[in-house]
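The following blocks contain the structures, represented as structure tokens.
Common to both upcoming complexes is chain A, partnered first by chain B, then by chain C.
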Partner chain A sequence: MTATLSRSVPLARAPRRRRPRSRAAVWAAVAVIGFFGLAPIYWLVVTAFTPDERAFTFPPSLVPAEITFDHFTKLAENEQLFGYLVNSVVVSVVTALLSVVVSAYMAYAFSKFRYRGRKSLMHLVLASQLFPQALLLVTLYAVFSATGLLGSYAALILSFTTFTLPLCVWMLKGIFDTVPSTLMEAAAIDGASRWRTLHRIALPLAAPGLVAAGLFAFVRAWNDFIFALTLTDPDRQTLPPGLVHTYLGEFQTAWPDLMAASFVVSLPVIAAFMFLQRYLVGGLTAGAVKG
Partner chain B sequence: MNRRLTDGQFAWLLMVPGLALFGAIIAYPLVSALVTGFFEQSLVRPGRAFVGLANFADLLGGDFWPVLRNTLVFTLGATIAPFVIGYALALALNTGLPGWLRGVFLFPWVIPGVVVSFLWLWIFNANYGVLNGLLGTHVSWLGTPATAMVAVIVTKTWASFPWMMVMLLAGLQTMPKELHEAASVDGAGAIRRFRSVTVPHMRAIAGIAFLLEFIWNFQHFDTIYVLTGGGPAGATKTFAVAVYDTAFKGFDLGHATALGGLWMLLLLVLMAFYLRKENA
Partner chain C sequence: METLDRRAAFRLAGLSALGAALAACAPDAAGGGAPKGDAAAKTFGFTSWSLNEEAQKAAVQATVDAYAARTGVTIDTASFPYNEYLNQVTLKLRGGQLSGAVQLDISWLAALAAMGRLKDLGPQAAKGGYTDVALSSGRFQGRQLGLPWTTGSIGLVANTELLKKAGVEGMPATIEEFEDALRKVAGLGGGITPYAAATKAAQLKDILPWMRTFGSPLMEGDTITVGDDASVAAVEWYKKLYDAELIAPDVDRFDARALFAQGKAAFYDDAVITRGVVAAQSPDKSLTEKMAPLARPVLKAGDTPQALLWGHVIVVVDGEGSDAAADFASYATSDTATVAAFFEKVKLPPTTTAGLADPKVAGDTFTTEWTEKITKTATPNPFWRYAGYAQIETAIAEQVQAVLVGRSTAKDALAKAAETAKPLQK
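Right after this comes the complex of A and B.
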């Protein structure tokens, strides 16, 4: 596949020399990767709408012969799942808000001031996302246990906020870097304090970036599995570990129900990313979203 | 009120909340974990005893090696495959294909990690799975040591290739078209232009993307844990899963953190590379 592409693509890049053969090769590559990338998603959606008696047949029929909404109505009536949903929303929303505040201040300090230790701190923040979280978790468990936070929302919120900081700080630093220093000097001449300049001038100018950072933090908290699995009481668990406990480990997994739940859990994240698309590349190259 | 502070002091003040979180959630647990590796300590019973290098000796005399091997196999597979697929896709999308295609390809990467795992558990299902349906077989993909690792790598590849595509496409889009045109005028063929123009231009961003993905996979947990739990017979047990199981299923904090310390040592080497690249 790569060999075909490397031969055909540069050809296709020069418009005057583009030949039908290379065009076909590009489309063939897109089709093969497209099948690998999208067929599983098709299968998720199809299974979510397939009646149980049809889902548990072999071989499975690739095109739905019959559509049902039963799995979704069953989800809506499940009180335990609703509890997980509430936990997920609370944890993710608070993480997003806290993360925006903390990372905006930190990013502003990195962007607009020069002081000893700045460079090393910036590297430390960037590197911290690379520390193994499974290892941190082992001793964090003891920390939260000793402080009585184990099992609470706070344990998750504090952890997630910290893990979103590298990306959010770097993203917002990039945005503050584009705020002209002359604006801030003008404010200082007009007698505004540094505190006021930050809140009245820099933050409003960075508003779109703040929204993007908040959404990233929301998604990070929404998707987390290992911390939510370990640091929470069953009644404080978020959706990812909640779904594992609800559906897996039974003798026969209710696959259509689980696919319907997966579909619903994915929706807010997909919505967030549609909004975030334009921030994606800059944010990604500065650091990382997924761990 | 701030006028009395210097700029530097004001900046430090702004960083207090962030630094406090880093200290409490990352720095302290990390140091504490590295220290605990030298003790015999249980998750559920209080107290601990200093045992020197005994935990490390135990691990290096056995468990460490299969876990290292599994981690390397998983990490290499789940980094190289998305890199190749992502690169191919980025090259294809950069030929002027419609922009919405890029958005469509992001789906596998965007959906939550556990959903990815649920979906592939269902696809790989031995009795009713669609993969067996297509092949007309009844293979227990995740229950057989020989295929479980491949299945886990395929799943992680599916979730990561869009990210690679985004990173590499960003690199390709900064490449001046004139370079290719000039090389073309000079009579360079397509392969020659890819090797002599595209590859050198992409070296920096491709290196960072590859290394970051490598580091993430080196400590990846979610997909493996949900798909196989490290099994069958430890065939997919990587560092993340082994440390987690030792601590939270075996309640053996000493061995868990000692293994984590060895893991961390390997990661530090990778991180040093990454920071050097990021600075360059």
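Right after this comes the complex of A and C.
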């Protein structure tokens, strides 16, 4: 008994000694990553509340000595920015919806049907991600110009949907792969058509994935700068080019105003993430592990 | 596992196509389209980054509105952010989506002129009463492709209060006096950078006027002379200031303005518009009264002070409606009442003799001093004649930075810069 205890003590102590160290390492890693992730956001918020003449104080102050709401007041009075916001919402929401609808059907077809060229098509869809998107800008510009779409919302929505489809399709295919085919077969035995099976069984089961795909497409459309600047008319531009246009000038950058605007326009995306994050995590990881 | 029959395949394909069709159903007939019409068209476009810049948009819009009211034309305006402007304008001109009058930075003229779509504005230039230096900023290969809207220069500006505190008497006129002034300012301590010179690669093109000051022509004919003894001496001098902490690392124009606005720099390089820009960033409400332009110090007394020409021109895309657009460009740049009112609002100096003599302009001491001390002897960057001028400047800037941080000698670095720049001369 004694011998057993004496053998078991070192075994029990070893992990106890390691645990604090490993915990400390984890917390240190979290702190470092958290600092890099949150420090820019902190600086954005501080600058947004700092008066213009204090924003450039050298050396910079981490805590604002004086606070102003002027930048937010100016923002509220800027109708043009509201227009950019509306454009962003229209483009991002339609892109997200379109991406989800198109990619859901594509993914279902890739996952549940067997036909000649299926794998080649799947890899072709993925291969389109290999091209730097900026390279496609000139080509898309010419195409939209020739088709009369240049300057419209449609030019942006189509471009963004094109870019988001490959990842959305592959993400959703992984999810549909996890839906047992026996479920489809059971539905068929009960008399459900393929159409009904897809809409009443497969899509509800893939809901987290659909949300994740939609969020991904929404954020992609919300954040884009160069396509939104190039493919639309100034009155249809979205927030990223709108903010640059408004605050970054030839001679001057209105940093506090820009930070205030950036803070406010980030809020809808933050809210969407907070509301939908459980779907997002579930959707992104679903289908990652089989078995 | 199911197999896809033909009907189902068509259904799925149809749904996918529907998505695309939905997005495509809202084209704007006017979207991105260039104004159409004949030469006497009453509608034309005007593209300008200033139309959306807080400090200038009201003044530019007033000019547009005044011309439209006077002539009964409709001007379709468009604007892009300054930093993306050249790319956007180039793309749209190449795609046939750009017409009418277009504001340009003078350094961009060659890039657009190379596309062969700009109208010769010689007749308008001949009757506009522009100054010679202003006209030169819109000329490309002997043709007047741009009408000068504002002509100024990039020159040195000083904080006279700091100089006085440091015991600097009068403005330094030679390199030796300038260096002496910098050392006196450094003696003030308090984290002051005596000269907030550009040291970041993105802005190190500011060293080009110093190379000229030391006697390098930068170009002779079609040969880049960067790497000659004078340019090497200029870079070695710059490095000396850097090592003595008379200039600071990692400074670009925005940093320099911030330092100057906070009273932490005695000298820096900027355009004539500097007053309004630094005033907006400064807690010192009387800073503008302490600012003074100075001619760039020369190597030896009697030399011509060097400065880089700077300004905006209005070009006109050849084609339908270009006559009306050219008339607008002429009005915006040479109508004396218009340019004087424009100056009053934005402090950008006009380009005509009559405009400069207008009491609104002539009564502005800072601007007249700037024109007299700096713009008078300013010259364009010789690399601007090449569409790839920015890459040439970058090649030089990167090598100068290598010298500053001690990775290379001035001679080797500039020889390498010249070698890199050579194939970019096109």
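Note that the second predicted complex is superposed on the first by the 230 of 291 C-alpha atoms of A that agree within 3 Å, B and C clash if a C-alpha of one lies under 4 Å from a C-alpha of the other, contacts with A are read in each partner's own complex, and residues count from 1 in each chain.
Just so it is clear, a residue touches a chain if its C-beta (ideal position, glycine included) is under 8 Å from a C-beta of that chain, and two chains touch if they have at least 3 such contacts.
Computed from a predicted structure; not experimentally measured.
J.: Have a look at where A:Phe36 lands relative to chain B and chain C in the superposition and call it first, second, both or neither.
T.: first
J.: Could you look at A:Phe113 and tell me whether it touches chain B, chain C, both or neither (first, second, both, neither)?
T.: The answer is both, since A:Phe113 touches chain B and chain C.
J.: Between chain C and chain B, which one touches more residues of chain A when both complexes sit on the common chain A?
T.: Counting contacted residues of chain A, the larger count belongs to B.
J.: Name the contact category of A:Trp195: first (chain B only), second (chain C only), both, or neither.
T.: It touches chain B and chain C both.
J.: Using the touch definition from the top, say if A:Val102 reaches chain B (first), chain C (second), both or neither.
T.: A:Val102: touches chain B and chain C.
J.: Have a look at where A:Glu53 lands relative to chain B and chain C in the superposition and call it first, second, both or neither.
T.: Once the two structures are laid over each other on A, A:Glu53 reaches chain C alone.
J.: Looking at A:Ser152, would you say it contacts chain B, chain C, both, or neither? Reply first, second, both or neither.
T.: second
J.: Contacts for A:Pro234 in the overlay, against chain B (first) and chain C (second): which applies, first, second, both or neither?
T.: In the superposed model, A:Pro234 contacts chain C only, not chain B.
J.: Just to be sure I read the superposition right, which of the two partners does A:Leu136 touch: chain B = first, chain C = second, or both, or neither?
T.: first
J.: Do any residues of chain A touch both chain B and chain C, and if so, which are they?
T.: In chain A, residues 55-59, 101-102, 105-106, 108-109, 112-115, 138, 141-142, 158, 161, 194-195, 226, 230, 241, 244, 248, 253 are touched by chain B and also by chain C.
J.: Once bound in the complex, which stretches of chain A touch chain B?
T.: Touching chain B from chain A are residues 1-2, 5-14, 17, 22, 26, 29-30, 33-34, 36-38, 40-41, 43-44, 47, 55-60, 62, 101-103, 105-106, 108-109, 112-116, 118, 121, 123-128, 130-143, 158-159, 161-163, 165, 169, 193-195, 198, 222-223, 225-226, 230, 240-241, 243-244, 247-248, 253, 255, 258-259, 262, 265-266, 269-270, 273-274, 277, 280-281, 284-285, 288-291.
J.: Tell me, which parts of chain B touch chain A in their complex?
T.: Spelled out, the residues of chain B in touch with chain A are 1-3, 5, 7-8, 10-12, 14-15, 17-18, 21-22, 24-26, 28-30, 32-33, 36, 43, 84-85, 87-89, 91-97, 101, 103-115, 118-123, 125, 127-130, 132-134, 136, 158, 160-163, 166-167, 170, 177, 180-181, 184, 190-191, 193-194, 197-198, 205, 208, 212, 215-216, 219, 221-222, 225-226, 239-241, 243-244, 247-248, 253, 256-257, 260, 263-264, 267, 270-271, 274-275, 278.
J.: Residues of chain A touching chain C in their complex?
T.: 52-59, 94, 98, 101-102, 105-106, 108-109, 112-115, 138, 141-142, 144-145, 147-155, 157-158, 161, 181, 184, 188, 194-195, 226, 229-230, 232-234, 236, 241, 244-246, 248-254
J.: Along chain C, where are the residues that touch chain A in the complex?
T.: For chain C paired with chain A, touching residues are 1-4, 8-9, 11-12, 15-16, 19-20, 22-33, 49-50, 52-55, 78-84, 88, 91, 95-97, 105, 191, 254, 258-259, 261-262, 264, 271, 273, 276-277, 280-283.
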